[in-house]
Amino acid sequence: MTDPLYQVSDLTRVFGRGGRVRALDGVSLQVEAGQRLGIVGESGSGKSTLIRLMAALDRPTSGSIRFEGREITGLAERDLGFLRASVQPVFQDPRSSLNPRMTVGSIVTEPLRSRHLRRSLERVDPRRRLSEVLAAVDLPPEAARGYPHEFSGGQRQRIAIARALAPDPRVLIADEPVSALDVSVRAQVLNLLADLVTARGLTLIFVSHDLTVVRHLCDSVVVLRNGRIEEQGGTEEVFARPKADYTRALIAAVPGIRL
Amino acid sequence: MTLLEVEGLTVSFGRSRRVAVKQASFTLDKGQRLGIIGESGSGKTVTALALMGLLPETAQVSGSIRLAGRELVGLGDAAHAGLRGDLLSMVFQEPMTALDPTMRVGRQVAEVLRLHAPNRAGGARRAVIEMLGRVGLNDAERIADSYPHQLSGGQRQRCLLAMALINSPDLVICDEPTTALDVTVQARVLKLLDEVLTAEGAACLFISHDLAVVSQVCSDVLVMLDGRIVEAAPVAKLFTSPEHPYTRGLVATARMDQIPPGQHLPTVEDFYPRAEAQ
Amino acid sequence: MRRAGLWLGATLVAGVVLMAVVSLFWTPYDPTLVVAGQRLQAPSPEHWLGTDGMGIDTFSRILVGAQTTVVVGVVSVGIAALIGVPLGMLAGQARGRVDETVMRITDIAYAFPALLLAILMAARFGASPVTAMTAIGLATIPSFARVTRAGTLQVMGSDFVLAARASGTRWPGVSARHVLPNIAPLIGVQASVTFALAILAEAALSYLGLSTAAIVPTWGKMLRDAQDVMFSAPLQALWPGLAIAGAVLGFNLLGDGLRDLLDPRLREVS
């Protein structure tokens, strides 16, 4: 039996003096390769904290995270190259996730310029990879010369996805990637994500407060509340037969069409 | 009875004459709830700001806006300010930035009251507590004495609603009031808005990019695209038989729950191809 | 029309720099040659601003005085920035105890007035433009450090820095590629405003006789000399005063104008 891709055990993250804020409180979960996991929660649920820990962008107070069988929680930055090459984030706000003073080309190829990432990557020509990933997100090659402010919100999210794809990762961690976009623009980005994940056999960890999106995109879901898991399981199962009251409240709150 | 008549409203900015709103025309009856749906840059917020007289100095406004028979275009700021908070009020998107972080919330609500109804100043605190209670804040006394950062997003938004309603305005303009809120909080605030508007008999102009949200509160909808109104219809008709291809695209993207998982979601471009890719 | 401040500031600054550069090669008269019979003449076609108490053409002295002004400004700002900016970036990126330590030290330095430092240094090392520049530079380090730290904190809190870390960029790369380019405008504004302060400080120092040797003209010293002949030739005080005021105004307007130029670009009305 193969190890799960991610094994998170009893993960806790506490902030502030005297542990005032328990952002995560004993969370345990597993992610298999190729899975599309949705992490659902409202503000204060700890979902953003969880994925930052999984992407090694923060250190937990206690608990363990094993990626590809290796423990990552105590590792120094210089030993995290293997994780960084395999796990890439896409953030929520297209206005602040791209350096306004860098060209799109530099932004997208930044992962390729990191020396300690390169040790884990095979030799790759940055220019060729750049045109590859830009094409993959339906952006023209000329886009590389532009600056973020010249693009719309939807386009900027696609640039962020291109950056995430640059090191050819195994896992894409998306933190509310469409929440800051207009409803009518979300479909394009979501379709793109779905296609990329399928075509490249990626594992997707998708954080959102929007149940409809999670239901559409993910095959399994974890419901977080106040740093704890309320419920988890296959998407259809959780939505059709929610066990926790909180899950039921979330489902009921989604604005349907009222004629 | 017509409350608001907008005719040929055109707003442009700066020397480059960038046109944000082109020839917008619509009417609003007393107590009617009209939604304006559109994407960022469609001109919906600029329209709201034009009604409120809150556009920057670089804006050039032409056309006509008649509120209760009074022409608002060309009205000086002092006169317009007299109407704001009284005859018409606005609820903004970001509750944190719309509230003064250094002032207790009760005082901010009282300020709106005192500006337009100075003779009620004696009973101001009572009126404020009562209003906060009506917007669903049970611990009204404590909330009135709190600072914005001590309250949750939903509580802050309810305070903004209280400020907008305290002088019983005829028209309340809401600009994406629930976009920044969690989905359970959003549901409660929308329900509250519906109830309070009915109770006060106030008309509402509800601006959003989310059709589902608009349908919770409004009976009629305007669709804005690149500064123009491309369709106007009752909510039911908009969903069942939209006319403009862009509207059809919007309606299709609003019903994500109807698409089986794994299938491609419909995009606006499937119905209304646009010159530049979004 | 709204950029009037920026343009006016830029013009004044350009004027000062121009005066300094031109006077390196040419002045109407020798600014150090004493001419006995021409003392305290009123402005005339031969001497546009008149002559001073030693018969030297005032206009030439103003031109040469601009050199000191510019050099002192550049060196002071240079010292303050070269030390203050890295300190601020270090504090903003390292956070925790390093941040606390750096900030407490700059707070203490901040409390120490530049002029007092200059006087102390002049007493120890002798009065010269070098002591003046060094003193002003050292005294301005804290304000650069503070502004840099604030800007750095803002950048470090943004998602694109998080993304950079996820891309494997280590902290030198983050500093160079992400922090520095985004705080550069902030530093530019601070430099302009500091330049104005440096000019004022130097003028005060040379007025007090702590900045230059006797005969070399600086605007502050010219004010001092004019004070002696205030009743016979009051105009002699006007010219250096105007020059100082104009230069300070110019740099302040330039700084303000740059700040306004940068702000709207970051805000979007949708």
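Just so it is clear, A, B and C label the chains in written order, and each chain counts residues from 1 on its own.
As a convention for this text, a residue touches a chain if its C-beta (ideal position, glycine included) is under 8 Å from a C-beta of that chain, and two chains touch if they have at least 3 such contacts.
All figures in this text were calculated on a predicted structure; none of them were measured in a lab.
Asks: Looking only at C-beta pairs that count as contacts, which pair of chains has more of them, A-B or A-C?
Replies: So, comparing the two chain pairs, more contacts are at A-B.
Asks: Measuring centre to centre with C-alpha atoms, which chain is farthest from chain B?
Replies: Relative to chain B, the chain with the farthest C-alpha centre is C.
Asks: Using CA atom averages as chain centres, what separation in Å is found between chain A and chain C?
Replies: Once rounded, the distance between the two centres reads 48 Å.
Asks: Rounded to the nearest whole Å, what is the centre-to-centre distance of chain A and chain B, using the mean of the C-alpha atoms as each centre?
Replies: Computed value for the inter-centroid distance: 33 Å.
Asks: Which parts of chain B, given as residue numbers and ranges, touch two or more other chains?
Replies: In chain B, the residues touching two or more other chains are 40.
Asks: Quick check: in the complex, which residue numbers of chain A touch chain B?
Replies: 42-43, 138, 152-155, 182-188, 190-191, 194, 209-213, 215-217, 235, 249-250, 252-259
Asks: Could you pull out which chain A residues touch chain C in their complex?
Replies: 52, 55, 57, 77, 81, 84-85, 87-89, 91-93, 96-102, 107, 110-111, 113-117, 160, 163, 167
Asks: What does chain B use to touch chain A in their complex?
Replies: Those residues of chain B that touch chain A are 39-40, 153, 182-187, 190, 209-213, 215-216, 235-236, 239-240, 249-250, 253-257, 259, 261-262, 264-269, 277-278.
Asks: In the complex, go through chain C and note every residue touching chain A.
Replies: Chain C reaches chain A through residues 158-160, 162-170, 173, 177-178, 181-182.
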